[in-house]
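Take this structure, written in structure tokens, and hold onto it; I'll ask about it next.
As written, the chain order gives the labels A, B and C, with residue 1 at the start of each chain.
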Amino acid sequence: MIRVALLVAGKDLRIERRSRVLLWQVLPFGVTALVLCGLALGPLHAGNSSAAPGLFYLVMLLVALLMINRAQVIEGSPGTKASVATLGLDPAGVFLGKALALAVELWLTGVVVLAGSVLFLHTALSGTLSAVPSVIVTLAALAAAGTLYGALSGGGQGPATLLPMLSLPAFAPLLIAGERSFSDALHGGSLWRWWVISLVALAAYLAIGILLYGVLEES
Amino acid sequence: MDGTSPVVVLRDAVVLIGGFPLLSGVNLALDPGTLTVVTGANGAGKTSLLRLLGGLVTLTSGAGVVSGIDLKTGDLRELRRRVGWLGHEGSFYDDLSVRENLTFAAKALGRPTEEIPRVLERVGLTSRTTTVAKLLSAGQRRRLGLAWLLLRRPETWLLDEPYASLDDEGRTFFDDLIAEVVRGGATVVVSAHDPLRSTSLRPRTLTLAGGLVVGDHS
Amino acid sequence: MIKTLSQRLLGPVTLVLLVLTFWLGLWVTPPDKIQGNLARMLYVHPAIAWVALYVSFGTAAIASALYLWQRTRSVVMDRVAYCAMEVSTVFIILTLITGSIWGRPTWGVWWAWDARLTSTAILGLFELAYLALRRANDDPELRARRCAVFAIIAAINVPIIHFSVDWWNTLHQGATVFTENGNLLVHGIMLWTLFISLFAFTLLFFWLLRARYRVEVLRAARYDVALDEALAQRRREGVR
């Protein structure tokens, strides 16, 4: 399973490095969305808003939706799908590999969007840095959940529009946990309970993915 | 399963997708180590028949056994491991190079990557090793798909319209390779719009229409 | 015979209990000392929420799990899951509406970012997403598998949503029926009316589920006829 996971993750990341979609489309989108958030807050609140942690995660959710769709498109053509299916890869390994690749892409985007929040929304640098561990866990949970929802929405009618409908309710607790832990990191509050939410969500999605990804693949 | 019993047996095989019958009652038996060409007009069910044989779609009704695996109750993942698929759309990742695609396939199958140069030489893609797949011509893409299959050496080869948009040289290359594979004992099923032009191959030709086998010529 | 009798009696008994609930709730029980007549929501809102959050969603989740389990996989489980989820969505919407009506005088707004209200709304969004997923896939088997997996994910999300939203913000009034120690807060006729309402709305769910299931069976029969016609037409293409 781990061997397949590393193989699939390596392949997805190599494709991303080659196509430059992350670099030229997703990262600029993330920064643009963050700037728009600042504009939406208005000139009085854009630079000193307590909404900055929430806006960071909102932007990351939108970025995640783009990346999940992208991860599905890679496997999408009928010929590729059929050929890869005949390789007989372990579905649990495929799930873990795709989730790992998505997590790495979200972490890279997260670094840029975090820097953007320091620059545009004036979040304190030290607080932002202390939020990094919780950001890593929350984005990993987002990647695991997103990989499952990507598989659920793929192949049916309007997969690109179905994906947000399916995934956003599940992203809600991650948004809450991420926003709270980021806010606590900025203002020195207690972090543990929000870590628990993100970690439990990560563990739950990994377990569901390992157990049920094969069922989705079969269909 | 001994060497003489059919590798494929279908009885009244029906495949429905989204309420539409792609196959409407196919009866068929294929012997191992044979070449079969499935012809018919667009929408006749050629690709669907190949996908059914590869365990890529489920059998809605009727009965079927491929490589000893029951299409209704057997392990379709295991069946998929035993077949090789070459689609006319391309059978690999467009953003990976020729070598990267084959390395991925080899590692996924647990095959040594040292076999890749030999396979590339066999399909005539040695000079295109570092070319990204989406930059290959239609014929070269087909050869890359074949290289993927040669690396695997599956029991059953399912080639979906492999001759589409190939020049004469490409067709001859394919004919030679298919003949070699059949001589090696594999079962090959090819879908094509028209019967094969090749004089070197002596395939069994099935004609499909309306999701049924309506002609069978050996 | 017992099965037939219970099926025949389900509708009338549900109707009688609902009428009894409304009669007791509107005319027999007294108004509350603090909340006045608004407290009569006690005989509607908790019962609807009970059905929405536990009975109907639980039925859909269990049926989905049974569908995914190879030994119990059947089209019946898929249909029960779908029908229960559809009825549950109606009850979730009613829960939110009755909750808003009850909360308006207390909070001063129709919607507050209260933990229970928010987590119920998120569960409602899950259910709407389930129905969207259902309609996005034409193939019955593919649809059944995907929807079953989605329902399981939604069920596992319930405690995660509950705790995250609960820790996030809680404005909701405390427990209405029991204290934290398990002592009763509601007595006499009010308590009896509450229990009757819980029973009545639970029966209403099963009655609606049965009716919805029958519609689904008829729809499946119509689909089978259409398939037979499509198959015959397809075969004619081959004979021509």
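One rule holds for everything that comes next: contacts are C-beta pairs under 8 Å (C-beta built on N, C-alpha and C of every residue); 3 or more make two chains touch, one makes a residue touch a chain.
Nothing here was measured: the structure is a model prediction, and the numbers come from that model.
Among the chains present, the centre nearest to the common Cα mean is that of A.
When you average the Cα atoms of each chain and compare centres, the chain farthest from chain C turns out to be B.
Once the centre of each chain is set as its mean CA position, chain B and chain C turn out to be 49 Å apart.
The centroid of the Cα atoms in chain A and the matching centroid in chain B are 37 Å apart. Between the CA-based centres of chain A and chain C the separation comes to 31 Å, rounded to the whole angstrom. Across the assembly, chain C contributes 138-139, 141 as residues in contact with two or more other chains.
Multi-chain contact residues, meaning those touching two or more other chains, occur in chain A at positions 218.
Across the interface of their complex, chain A is touched by residues 51, 54, 56, 76-78, 80-81, 83-96, 100, 104-105, 107-109, 132, 145, 148, 152, 154 of chain B. Within the complex formed with chain A, the chain C residues making contact are 68, 122-123, 125-126, 128-129, 132-133, 135-139, 141-142, 145-146, 148-150, 152-154, 156-157, 160-161, 163-165, 167-168.
Here chain A touches chain C in the complex through residues 148, 152-153, 155-159, 162, 165-166, 168-170, 172-173, 176-177, 180, 193-194, 197, 200-201, 204, 208, 212, 215-216, 218-219, going by the rule given at the top. Contact residues on chain C toward chain B in their complex (touch as defined above): 138-139, 141, 223, 226-227, 230-231, 234-240. Residues of chain A touching chain B in their complex: 4, 7, 11, 14-15, 18-19, 74, 77-80, 82-83, 85-89, 214, 218.
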